[in-house]
Amino acid sequence: MIAPKPDQAPRVDQVGVDERVARFRARSIKKASKVEALNLVLSQIDLTTLEGQDTPGKVRQLCQKAMRLHDSLPDIPHVAAVCVYPMMVAEAKKALGASGIKVASVATSFPSGMAPSDVKLEEIKLAVGLGADEIDMVISRGKFLEGKYQEVFDEIVACKEACGEAHLKVILETGELGALDRVRHASLLAMQAGADFIKTSTGKIQPAATMPVTLVMLQAIRDYYYDTGRMVGMKPAGGISKAKLAIHYLVMLRETLGEAWMSPEWFRFGASSLANDVLMQLQKQRTGIYQSEDYFSKD
Amino acid sequence: MDKTVKAEGRSIDSASPREAQSAAKSARLARAKPPAAIRLGIAKTYKLYINGKFPRTESGRYFTVADAKGNIAANMCRASRKDFREAVLAARAAFSGWAGASAYLRGQILYRVAEMLEARAEQFVAELKLMGVDKRAASREVTATIDCLVYYAGWTDKYQQVFSAVNPVASSHFNFSILEPVGVVSVLAGRENALLGFVEAIAPVIAGGNTAIALASEQNPLCAVSLAEVLHSSDVPAGVINILSGYRKELAEQFASHMDVNAIIANGDDASEIKMIQEQAANNIKRVIIRKKPVAPDPYQIIDVQETKTTWHPIGG
Amino acid sequence: MNKATAPHSLNFDTGWAYSPAPESIDHVEIKDQYKLFIGGKFVAPKSGKYFDTINPANEKVLARVAHAGVADVDRAVKSARDAYDTVWSKMKPAERGKYIYRIARIIQERAREFAVIESMDGGKPIREARDVDIPLAAAHFFYYAGWADKLDYAFPCRTPQSLGVAGQIIPWNFPLLMAAWKIAPALACGNTVVLKPAETTPLTALKLAEVMEAADLPPGVVNILTGDGSTGAAIVNHEDVNKIAFTGSTNVGRIIQRALAGTDKKYTLELGGKAANIVFADAAIDQAVEGIVNAIFFNQGHVCCAGSRLLVQESVADEVVAKLKERMQTLIVGDPLDKNTDIGAINSAAQLERINAYLDLGQEEGAEMFQCGGKNPDKGYWCQPTLFTNVAQSHRIVREEIFGPVLAIQTFRTLDEAVAKANNTQYGLSGGIWTDKGAKIFNVGAKMRAGVIWANTFNKFDPTSPFGGYKESGIGREGGMHGLSAYLDLH
């Protein structure tokens, strides 16, 4: 297969994108619609720990949180997945048991991707072998910026094959791509190469997820769907720590891709601290009283 | 089209020999009775100037213009509304080319007009004198006319710099306003200064990239109509300036009402005519510029027949 | 009412709907009755007549306002003349500027109140009133305030002089903003004002009168007369008015230009439009679609510079129209005071009737009509966003200004064809160009005969940016440095 060239992706005007995003942010989500949105956000979270200091103990705690977000709030969903390094997959798998929460593993020499392809593929196979349900790979940004699109493309194709049954999320690391036109091109390239999800960021580079970048990726998903009929998921990651912002993302999702994507199957938030803010907002909706972080577990 | 009009009452000019001699150097005006030894003078037929050609009026009508002594100086074409209509068509057709010409080129062409006028200065002095202007005043008027053309030639590539703007809008956009010619302009020349007044009326119009249909002063049309010969030899594209002679009362309403004319400049202070012009102009929201008295050249007269176009573009990545 | 026709279309009929998010109105004071603002005081009309102003979203009466007759106009002009002669023309320009700055500041302080009233009286979405109309109105006063003592720098080799009394007649589509466009430069240039707001949207102008009071503006410098067309005519025809500024339809503009014939009154006219919005195949299509929406559905299409004619290059026409139809499904039509409303109420019953007549006409002419099929509220005046395809240049829905949320879509093949169609109109107010190619923007932009060109954007306004039309779209410019000359004698 041949990788799409930059001129095969539509042009993007940044100011126009910013204006559209401003309209999403101007939506006022109140009352029942807010509660519904907050619950949906919780269910779409990939609860994440990707630190050099991660230990099995930390991962076990995170998994507990994933399963029991806040016991005093009944009827809230659990998160979609826990996202860890490959070395922690087995621990997470064990801790989550039959909860239905997926284990996502980063791979391919996350976050830089600076490793030979065979090493990256081995890492994917290892993580899948340990029980990972989802693989979050990074694209080779250096090669992409160098114009070696075919190499980037071929690597994604190989990674997808290495995943077997596991779902492949392709991280574009948009903060390193430099322009929305490139985000649009990279999105198209990743989808054509077989990505099940496209994801903005590793969380290790600033800026991480932004609404303009996410909108461009959603529009790429929509056009790819128009062309092929295949749905691809979207995962903004990094920098989304407030419930209000997460709701703006949902507004954007709703008005760009519509009903079919409004579920954890097709949309995820990669986040470590978002869940607690959502919980606080849910509690506020329930009680009418503004909340304190002291009343919510920090794991 | 080119029907010959037999004019009645052609009279013998009684200009002095010296004047006749001077006129003979240029286009021969005086219909002089030749002294026995001298050949018969060739009198010029004054015609219209439409689309770079010199047609007679389609109507076949004429009117006479008397010189300072009350003798008939010439039979002028009495242009009809159809002649005006033809002139508007020509001006409209010439507009995009002239408006799109570089400012530098427009300046060069206006300067060329000045050069050609300088070369024919004596002809115009003679015409002015024939109409009663004394010699020194006539010379002054011709040189002032040449200088006026040079003045506006110099403005063609400067008024944009002086009067355009970059506007600091608050949003992430680059925004600038430039001037563009309003389009086809009809001009009613004033009575004063047959040559200078006429050129002062049309030069800023043309300098700014408009095309024009100008009606020469009814009482004093000779110089304006002769100016067509200068324009014709000056690289002014056909249709950019069209010159009619005729009865102002008959044509002013057409000049003001025509739906494909974008602006009208009326020199004169006849209150009822001004009212009529403004009323008729409303048919197509025409821009109306009334000059009750002659105005010395300045760049604001270029701006009078310019539109401001403002363009926005995002500044982004 | 066909659905979007893409092979794989999206479903925006989501389970997750936005709950009502009404703007609170308890902080807003609307009196039962308003008199005329003349000589710095609210005075009863000599005409003795009042009329109702209603909320077009629910047809309820908001207030009764005075109807200014000829005698009231005369009183207001006298008061403006008196203020001009005795105070305003004698004041140091810098001091004049400071009054205008005050006005800007008070509008900013009371912005939300103005936004709510604008939305209630005119039907526009609160989001637009809040984010566009009111901030821009304040910005206009702030911008022109600074010009008051700098006029000599604007016109080389001229000594600008004020004109005297300016009579100003404004439309109902941007009531406060249009008042600001008119009053701010007039005052900065040293003139006094008699302003008439539109019959259906008088309230924010009357609120603005309160601002003038609060700013201690000398009595008579700004007079505000509510009324109808006859009030406007009395202002136009008053012999002691030196300048007329009008924004409204081309037909009324024509009447005014005629009425002013033979007088020495200066005038500026901001009239109708039928703007072409040209989308080339190499455009950023998603942003272009958004631009098309903004061009025609902003303020219910009650915008003289609305991009009411879409010209889309044939090779992308299907894609653009399909995306446009999907985008339209996410537009929320309804209560103007709901913060999520995208398209509010049509301004008046009469305007709705006019728009509906064009919808019928378009279909009679053989054009294909598309609406999303949303349900209109029971009360009030509503028009769903509408597209017409299969239209030709000869159709009246392509030639005439509809002034509603109605877009006529045509295709073109070449640049020259696009330009020819764009310019084939009696109007020349604005135009849009969408392309990723800079050279093409300059080429097409230069060829379009219109006063405002939006390239890769649309419906943007700023106090520093001159606005006004070519051809029958008007005479003169408002906004920016260029807007000053309309209120000055430069000879």
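To keep things simple, chains are lettered A, B and C as they appear, and every chain counts its residues starting from 1.
Note that in this section contacts are C-beta pairs under 8 Å (C-beta built on N, C-alpha and C of every residue); 3 or more make two chains touch, one makes a residue touch a chain.
Here the structure is a predicted model, which means the values were calculated and not measured.
Chemist: Between A-C and A-B, which chain pair is linked by the larger number of C-beta contacts?
Modeler: Spelling it out, more C-beta pairs touch across A-C than across the other pair.
Chemist: What is the chain whose Cα centre is as far as it gets from that of chain B?
Modeler: A
Chemist: List the centre-to-centre spacing of chain B and chain C in whole Å, with centres computed as mean CA coordinates.
Modeler: Roughly 40 Å, centre to centre.
Chemist: If you average the CA atoms of chain A and of chain C, how far apart do the two points sit, in angstrom?
Modeler: Inter-chain centre distance comes to 43 Å.
Chemist: For chain A and chain B, what's the span in angstrom between their mean Cα positions?
Modeler: Result: the chain centres lie 72 Å from each other.
Chemist: Which positions in chain B are in touch with at least two other chains?
Modeler: 173, 314
Chemist: Which residues of chain A are in contact with two or more other chains?
Modeler: Where chain A meets two or more other chains at a single residue, that happens at 13, 15-16.
Chemist: What parts of chain C, by residue number, touch at least two of the other chains?
Modeler: 456-457
Chemist: Can you name the residues of chain B that touch chain A in the complex?
Modeler: 172-173, 314-317
Chemist: Which of the residues in chain A come into contact with chain C in the complex?
Modeler: Residues of chain A touching chain C: 10-13, 15-17, 19-20, 26-34, 36-37, 40, 219, 222, 225-226, 228-229, 250, 254-255, 257-260, 262.
Chemist: Tell me, which parts of chain C touch chain B in their complex?
Modeler: Those residues of chain C that touch chain B are 139, 156-158, 250, 253-255, 257-258, 260-262, 269, 271, 426, 441, 445-446, 449-457, 460, 462, 464-468, 470-475, 477, 480-482, 490.
Chemist: Using the touch rule from the top, collect the residues of chain C that touch chain A in their complex.
Modeler: For this pair, the touching residues of chain C are 6-8, 10-21, 127, 131, 282-287, 290-291, 294, 322, 330, 339-340, 436, 456-457.
Chemist: For chain B, which residues count as touching chain C in their complex?
Modeler: Those residues of chain B that touch chain C are 100, 162, 165, 167-171, 173, 175, 177, 180, 182-183, 262, 271-272, 274-279, 281-285, 287, 298, 300, 307-314.
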